[in-house]
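Single-structure report; data block below.
We just call them A, B and C in the order they show up, numbering each chain from 1.
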Amino acid sequence: MTEMKSQISNVVSDFFFEYETQRQVLVRNRRVGVVCRLIQLGVLGYIIGWVFIYEKGYQSTDTAVSSVYTKMKGVGYTNRSGLEQIWDVADYVFPSQGDASFVVMTNFILTENQTMGKCPEVCEESVSCPPPPLLCDASIKSQIQGHMTGLCLKQTGTCEVLAWCPVENDATIPDPPLLMSAENYTLFIKNSITFPLFDVTRSNLVEGIDGKYISKCLYHPDNDPLCPIMRLGDIVKFSGFNFTTIAKVGGAIGILVDWTCNLDRAVRHCKPFYTFHGLYGNPGETDRARASVGYNFRYAKHYMEEGQAKRTLIKVFGIRIDIIVQSLARKFDIIPTLTAIGSGVGIFGVATIVCDLVLLYVLPKREFYKNMKYKYTDTHQQVSFEK
Amino acid sequence: MTEMKSQISNVVSDFFFEYETQRQVLVRNRRVGVVCRLIQLGVLGYIIGWVFIYEKGYQSTDTAVSSVYTKMKGVGYTNRSGLEQIWDVADYVFPSQGDASFVVMTNFILTENQTMGKCPEVCEESVSCPPPPLLCDASIKSQIQGHMTGLCLKQTGTCEVLAWCPVENDATIPDPPLLMSAENYTLFIKNSITFPLFDVTRSNLVEGIDGKYISKCLYHPDNDPLCPIMRLGDIVKFSGFNFTTIAKVGGAIGILVDWTCNLDRAVRHCKPFYTFHGLYGNPGETDRARASVGYNFRYAKHYMEEGQAKRTLIKVFGIRIDIIVQSLARKFDIIPTLTAIGSGVGIFGVATIVCDLVLLYVLPKREFYKNMKYKYTDTHQQVSFEK
Amino acid sequence: MTEMKSQISNVVSDFFFEYETQRQVLVRNRRVGVVCRLIQLGVLGYIIGWVFIYEKGYQSTDTAVSSVYTKMKGVGYTNRSGLEQIWDVADYVFPSQGDASFVVMTNFILTENQTMGKCPEVCEESVSCPPPPLLCDASIKSQIQGHMTGLCLKQTGTCEVLAWCPVENDATIPDPPLLMSAENYTLFIKNSITFPLFDVTRSNLVEGIDGKYISKCLYHPDNDPLCPIMRLGDIVKFSGFNFTTIAKVGGAIGILVDWTCNLDRAVRHCKPFYTFHGLYGNPGETDRARASVGYNFRYAKHYMEEGQAKRTLIKVFGIRIDIIVQSLARKFDIIPTLTAIGSGVGIFGVATIVCDLVLLYVLPKREFYKNMKYKYTDTHQQVSFEK
């Protein structure tokens, strides 16, 4: 018992009262000394300057959960063959409820008073009109407008189909675009983000933005970079598109709301930054993007007239706006800091290995240094103990 | 040839049959020993306790791709001037198809039987009515309701516009909200997530949830935290809003479905956790959020009557619900484990450096220790070889 | 002054002209040597092979911001009791504007000519019909179809409700599905992604895809993996669903567009990879998924007839398609490279610790090696200096 106790107490005292430190050789050689110190200072400079200061390796990061609400304002005016009409928000925004992703109609092809029935297909002169002799077998792939009945109609040179009649003729897209007035519409963006890891919530209506400011301001990248109200013509211009082109066949624009926040500073410095990007066919792209140009979709308004189901078909060309929120918050955290330090110490070790190699294999006095550095053991040799 | 072979075999045998180990000085000094051991135990404790156990540094992480499907249930009842009406799902949810983001109508301003024509603008008494003398030049910015014709109308004291007439008058928002019955609507959420890195797919209809449970349960954070059916009034309450206030002018609520899963455990422990957040104007926010209060949008139902195009305009005030899925899965992986160990060894090295500094520069016997630790070389001195 | 100068110059020259290297013991023991070299080579192999080559630890990563635009094409045909109808894109896609998430109607229950009024509830024979005696108190939870008036109607055995009359009867879902022709519809996906960290923008219309190719191609995982046009029947098949089943009650499918790009290679190698996943009730799932089967929602088309507000209610069963973009770009970066090297050096240190333990505590000649490795100090003993 007493023996065990004294053994254990020996182990404990050995552990706590001893300290091991490496033995080192101090080489006084100017060339080696300067070169190796420079390598070590370089590694230190990389760790402090690049990893810590530039890349902020001492901070942990988080991305946000986000919600976006939009509202368009503005009225469009058309005069088609003397028929005057205005188009307000309820008419030109799809969908109506203010999502992050929506379409503003800038041009359209209207096919009114369609009823279900049989009528001739419409073909785009010689481009897609079937060559004679006309075949109207039900197996022939229709022009996507209806269901083949089998009849050939000589007057039009096309097949008869069961469809919403009269069939839409979208050969000619109105030029100039019917709703050029869309250039003056305004878009209001409300965006709320939360960084769950750091429990920080921000809105793009930052400090300094109140009801009065909002009623008057208009977004400008230099003068009013935080105003959440943007003119549609400006949005198109900033994205690199030309409004007249994009209004005719449609196009898509991404509005990127970027939140890059350093939460070690006061939270009021966490502000959004807006950029505008043309999508799917920015004029600068190559021909391969021409594979599919513009943005359009078909939309129908159904109604009953004298007990008969009717509809108005609208082929909508418009500007599709996608509001995309990108976020990155950084805040000091002990773990990435210590990990960076730990890895840095490891890199120092590599620098030391390089210098050792130079010392032991390159320099003139390498044998001398080898002997200073290494102590050889040999199982066949008896070596006197040193204490 | 034989010389090269023997050289190569020497190098190989030197490499494989030798082993280098550092020479160390064992300092027997109580003060130094205890302090340095405590520092080393502290670093070890940090690595094991914090990095491995608390922050789970031995696991790699992944976020999920997710899909959400929603379904509202419930019927609203209004009695406006004796006109009784019910509003079912097809009437009060925008959009209809069960997206992750939708609006439930709780209040509205109806402008019926609008036809395209010329009529006076409506202004909100003295707030936005133009001051006399009345100017109705086409360049004056209209009240966003139509296109100026240029005529001044003395009876109303406003300008004539080409618009959908009669023009909407949204000066007074109905109070109490027309669809207070929305409080009893229920929302059913179906959410499917997949963690692609770990090839794990989960649904929020977890084990234990079957058709019978779903037909009866109602979400409650303590009693039924996994029930996917939630009462709208409860959702509003949990988010911190007051139902009557939010129902009058509208508001937005985010339902966060949080999947934080430790995939080293059985996959049935991977369950969703629901939280509710008021967005854009939680009553606790400061005045700056008042810049833009509530949630509304305009929606039109078009129809034909006696050959004339007509529409009913609805200014919808409602609760916008955004279902946001947040996910993080962790699973043991050899690389983050070894990286953490490697960095830990590096930190140990820092601890050693600190102890060395104390030993060599602070203690009384530092000269003695310096001599134990270092072996000096000098290019001018001849030193006997030691083997 | 001169003393300080010479002191400072001494410190500087000591720092720059000296170099410290560890002293080491070279143990010539075959067993130890081979084992420890193998451990060290193993660690080196792990660092180079696994961390660098397999896991690409020398690259930093980024995920993309993405925008998706879809377009359906195709015509459906129904013949219900002699009433022939076709259904085109404007009729069967919800919503119309080409979002990433949309529903294609494959089956429906139509309730036409609904007007607001009082009529009997409809109950699904004996499953949900109230048992006699009939109670029609306003507090009884209605069948979600309307607002209880309090009257009991003996003919139908149900309660009278204020609702859109006649009330919908969705007891029987049409079988076979009305729009089986949906199998031949085609879906066109346009996807644009940007990796903000690396400033790289890609579209899924990659090099080699032009207008001509698009007009003819059809997606196939082996023959045409890059064609952005997919047949709906194929999408359902690839997701593991059976078209007839999913067309009857509806279902949801996720199309995952995966962009995994190594940006150290030419950017033209960055291409999308499409996979198809059945969501919420893949036939292979267990009973718990049956808690909620299929995908449906209710949609109403409002209109006026003879001054009376009417509506057509459609219970839509369809295939919900979610296009989800997953992205990961990697590019060489100096920091993760050096971090991996630094941690690797740390792991080497662990290997060294293990070998030391074997050397000092296991081998027969451990006392000998201990004495070679350690130099003991004792504060009570006088030790001769060595230089």
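Methods note: a residue touches a chain if its C-beta (ideal position, glycine included) is under 8 Å from a C-beta of that chain, and two chains touch if they have at least 3 such contacts.
Computed from a prediction, not measured in an experiment: that's the story for all the values here.
S.K.: Suppose a student superposes the Cα atoms of chain A on chain C; what rotation angle should they report, nearest 5 degrees?
M.R.: Result for this pair is 120 degrees.
S.K.: Could you classify the chain B-chain C contact as same or different, where same means more than half of all interface residue numbers appear on both copies?
M.R.: Mostly different residues: under half of the interface numbers shared.
S.K.: Indicate the whole-number Å distance between the mean C-alpha point of chain B and the mean C-alpha point of chain C.
M.R.: Whole-Å distance between the two chain centres: 16.
S.K.: On chain A, where are the residues touching two or more other chains?
M.R.: Chain A, residues with two or more chain partners: 20, 22-29, 95, 303, 339, 342-346, 349, 369, 372, 374-376.
S.K.: Applying the document's contact rule, which stretches of chain A touch chain C when the two form their complex?
M.R.: 20, 22-30, 32-34, 36-37, 46, 50-51, 55, 57, 94-95, 101-103, 116, 142, 144-147, 162-164, 252, 254, 256, 277, 279-280, 287-292, 295, 297-300, 302-304, 307, 311, 313, 316, 320, 322, 324, 326, 339-340, 342-347, 349-350, 352, 355-356, 359, 369, 372-379, 383, 385-387
S.K.: Under the stated contact criterion, what part of chain A meets chain B in this complex?
M.R.: 15-29, 65-67, 69, 71, 73-75, 77, 84-86, 88-91, 95-99, 188, 190, 192, 194, 196, 203, 205-211, 213-214, 301, 303, 305, 310, 312, 334-335, 338-339, 341-346, 349, 365, 368-369, 371-372, 374-376
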